[in-house]
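Given below, in the form of structure tokens, are the structures.
There are two complexes below, and they share subunit A, which is joined by subunit B in the first and by subunit C in the second.
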Partner chain A sequence: MGKLVLVVDDSASVRQQVGMALGQAGFEILEAGDGKEGVSAVASNPNVAMVVADVNMPNMNGLEMVSEIKKNPANRALPIIMLTTEGQPALIKKAKEAGAVGWIVKPFNAGQLVATVKKLTA
Partner chain B sequence: MKTWWGKKEERTREESTRPSSDDQNLIGQDCLECAKLPPEIDRSITSYREQIKKIIHNAQKISIREVLAIGNSVNSIVTHTRTFIAAAKSSLEATFSKQSETLENYITDSRKTAEIQSETVERALLLSNDISVAGEAVDKLARQAKLLALNATIEAARLGSAGSAFGVISDEMNHLSDEISKANRLIESSSKAIRTNLPTIMQQTKGQIKKIEEFTTTMSALKDSIEQSISITGNEGDNQLNTILDLSYSAMSHLQFQDPMVQDLEKVNTVLQKCHKDLNTRLGLPFTEKSIWVNTDHLEIDKNGQNADSTSDDVERRDLDAESPETKQEAGDVLLF
Partner chain C sequence: MSITKYLFLPKEITEFEHNYLSKLNRIALYFFLVHIPVFMLVAWAAGTGMIMALGLSIAVLIGPTIAQFTMKSERVKSMVYGFTAMCMGAILVHFGQGLVQIEMHFYFFALLAMLCAYANPAVNIVAAVTVALHHLIFYFLLPASVFNYEAPIWVVLVHALFVVLETVATCYISRRFFDDVIGLEKIVQARTKEINLMLNNIGQGFMTVTLDGIMSKERSSVVSTWFGNSDENMTFADYIRSTDSSVADWFEIGMDTLREDMLPTEVAMDQLPKRIVVGTTILELSYKPINNEEEKLEKVLIIISDITSQIEREAAEKQQKQLMDIFGHIMRDKLGFLEFLTEADSMIDAVVEHKYENLPHLKRIIHTIKGNAGLFGMTSVSTLCHQLEDEIVSEGTAPTEQSLTILQEEWNRVREKLDTLLGERMVKNIEIADADYEMVLRALLNREEPAQIAKMVQSWKLETAQHRLDFIKQQTEGLAQRMGKTGVDIFVKPNNIRLESEHWAPFWSSFTHILRNALDHGIESEEERNKAEKQGKGAIRIETNVQDGEFIISVQDNGRGIDWNAVSARASKANLPHENQEDLMNALFQDGVSTKDVVTQFSGRGVGMGAVKAECLKRGGSIKLNSQDGKGTMILFRFPMSAYVYNSENGSSEKAA
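Moving on to the complex of A and B:
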């Protein structure tokens, strides 16, 4: 049984791509369509080993989601990386301050994503 | 052939080149004098940009739909192939391991048998030598007995009739001595034959052991080679599948973001955005960047590869960070904090 990775993105196609890449590498995938769903998914699945999240999403964006998840002390060690088309340093800084551990700019390289997830869940 | 998005693009172009009557009244000196960008123009420009964004996403939708369908097929094929390779590799390893074990047991048994045979032959050779030594002793005893019988015969003759009975015994002793010598010669002859043949048998047995050892070495090398081949085949197959997957993901990922038409439209949108900003600047108005954010929920692909139709609600305006990027991250960059 592979480690459980939560993929949070409002685009089903991106969720599918990430899911396929990580699924082939042996990870179990849990999907959420926005930040709110992401927070709920983490709360109801304590075995989530890592979160891969978009930044621009409806209802609750990725940065707000990271802050919300990190409010729970139990999630302090949970690695969260942002997977987004954005690349502005200010946003990256905000993500880091919110508690994210990494930033990948789309379009992503599947091999790099898998290697990053493996490294952060090792 | 015109696609539906082509028509949309055409319509957008017509709209963009044909100002409404309201726009015509508002563009010009009157507006500059009042130093206020008429909300109709602002709305109009924003509307054009929204429509371009919609066209971009509709174009992306086509790429995504087609590429994802292919990607799903590739993924499915790769998954099945990987499973098949793993099963074939496992089966091959199990079969080879079983056959290899049987052969190893056979070789071990053969070697043990040959070694026992060799030891037996060596012992037989030693016994044969012992027999030869014993034969010489028996021959010596037979000769002494014969000499004794001869002396007894002489003594019996010297005694005359009184020694006749003794003469019979000496004759029997002489006869017995001859028989012992005869039997001993037979034993010696057989022993000699054994001593002559045993080294040949021993040499053949040692040759057999050597051949078994050579066979064992060859078998070991062959086993290593087969195991390596199985491993390489499995790994190579896995590498090839990973390459296929990477290409598939790469195609999906890049087509989504690098479709030429999408890139062209992005440029159009950037130019329009610049015009919007310039217009504000000329009017001395502050320009707050509003990036257009498009909800991509409509890009959901169902099992039949169909998309839900997009609606006007797909487009929203969201404030994105407008700070000037100094070390902006590029596509594909991975940054770990």
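Moving on to the complex of A and C:
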């Protein structure tokens, strides 16, 4: 069975796109619709190998979610990458400070996304 | 290459040559200093006087020692050593008098060869001349210092021949040594210069940065014309910060990510900023990884290209295409287009000059411009209007002056282009149908009332409803196609109505919202129709008529009917009364109520229906709506008869029956 990747995005179509790209590459997908759901998904699924998250989401945004997940020392090594729209250096900086390893600009290239997830979960 | 150029090196001394000669000269001095005890030993063995050998050696070496510490040019020093070498030979031959004196001459030839280490033919020549002069002078003055026997002059010449031949060879070796090794740096420099010349003339900037973002010294000169001068060891981010701090930050975080090596290199590089604008110049940034021998990322090559003209060209092409589209619309419907222009002129003016009542009104105007511009192929204008609408929705205030100016400028630009393109075509002229012409001719021949005939002629200025409805049909078909609603039939029945076009123009332009809504909300997709087992295709019927002293415009579709529950929900969300059918009717024609969740380019902002209602009321009309669930919707606009409507059936606007 493939490694479990959590996809957090309030847009169902983005979740679907990410899910399809990663699913075809042999990953198992877990979806969450906002930051809050993302945090609880990580908490209840210890086998999550990596998180791909949007920044702008209702309830709890991506940045808050990263900080929240990273509060738990068990998740310190859990790689998180953010999907952002172009030209948000301030946001990206905050995300990295919060503990995200990197970001990919939307609309993303499926090949690149897969390569990234493969490298980070290797 | 002439012989002098071959024998004398180019003046310029590279750093490498200087360092090499300096080292060699130092070694030469020590080399000659250690000769002193050897010479004393030879003198002792030959019994020619140790002290004398000591004294003479020191006397010869004073010169080069002083030269070594005072002279600046290493090349001149090397010539001094060339001279010294032969003087030392002379001392050796002199103090080596006796059985092996001739063998002491080996020294000259060995040293002559060793001097090739200087890579300078001039040194070889200095040495050759020195030894030649020494032999000649001493042959006559003190032959015992050179030969241990009574050598005839031709023996001296044999020695000279050896020296000349060896010197030819050593000069060749020295020069090759210089060209191929010692002077190579100069060639490399010349090549670098050439490459730089090339790099600096292709309008693209190249530079490399280390993973810490520090720029290389070597870079295209065009880079500094874009971003100014840089300090030493400056990072690229700091370098471009004064141009665009946001791009600088972005680059910095991007390089951090690249250095951390968590993401695949290509992915991390792809996240680096791709554009930066310097004044009016648009620059594209692209990146290439430079790996070291171990295939690990070491540096990043940044290629900066000026894409301003490319972008301008693309924009020009787009404009050209738009113009062609517009032109196509004009060919199909000149009158409608002229009307649109006049109307849009005044609407743009209203928007820019703040001639609107309130925000919803502004939104309505912009929405109408958007829709009509879209219908006539003015995509650039309709896109700008769409952005303005977004701005109003997200900010909750009127768009900024800046955004409005952009709209006005684009409108003026398109208009100007059209004016020059169309020229005289823009003049309005009257077109009459053959039947109308016949009717007037008959009336004239029958000597009918001049007032009656005048009315007929006047009516020519009025637009036929046929023409108007045909135009609307064509617009609606275009719209249906763009919305992906294929297979919708549009039927028009204009009857014999003529309409005063200026009076009705604003109504017609808002009227398109009705059709848009019918297509978007009313007519179901083919799939949905099949599921509901509905017979036939989706259809919209538009009719103009005069009945019971009223001018009636009706629109009927066979779609799903109005979803009153959705209207009610929307109305309550918008804080509008939604108790009874009348409330809902009102709500439907209120701005801000739309039953679709998704805002499309075509409809769904809930603006259009309000505009139609307003234009209808302005002309003294009323709206009646009849919707049957699953069967369709019919909307009737009723206007009192006026001079703006002419029923050519009975040739009168007043006597409409």
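Throughout what follows, the second predicted complex is superposed on the first by the 120 of 122 C-alpha atoms of A that agree within 3 Å, B and C clash if a C-alpha of one lies under 4 Å from a C-alpha of the other, contacts with A are read in each partner's own complex, and residues count from 1 in each chain.
We adopt the following convention: a residue touches a chain if its C-beta (ideal position, glycine included) is under 8 Å from a C-beta of that chain, and two chains touch if they have at least 3 such contacts.
Nothing here was measured: the structure is a model prediction, and the numbers come from that model.
Annotation: superposed three-chain arrangement on subunit A; subunit B versus subunit C shows a clash.
In the superposition on chain A, A:75 contacts neither subunit B nor subunit C. By the document's definition of touching, of the two partners only subunit B reaches A:106; subunit C does not. By the document's definition of touching, neither partner reaches A:67: not subunit B, not subunit C. Contacts of A:16 after superposition on the shared chain: subunit B is touched, whereas subunit C is not.
Of the two partners subunit B and subunit C, more residues of subunit A are touched by B. The single stretch of subunit B with clashing C-alpha atoms against subunit C, selected from 39-47, 75-83, 93-101 or 255-263, is 39-47. Where the contact sets of subunit A with subunit B and with subunit C meet, they give residues 81, 87, 89-90, 92, 96, 101-105, 109, 112, 116, 119-120.
The touching residues of subunit A, when paired with subunit B in their complex, are 10-13, 16-17, 20-21, 24, 33, 56, 58, 81, 85-92, 94, 96, 100-113, 116, 119-120. Residues 246-247, 249-250, 252-253, 256-257, 260, 262-264, 266-268, 270-271, 273 of subunit C touch subunit A in their complex. Across the complex, subunit B meets subunit A through its residues 64, 68, 71, 75, 78-79, 242, 245-246, 249-250, 252-254, 256-258, 293, 295-297, 299-301, 316, 318, 320-321, 323, 325-337. Across the complex, subunit A meets subunit C through its residues 79, 81, 87, 89-90, 92-93, 96, 101-105, 109, 112, 115-116, 119-120.
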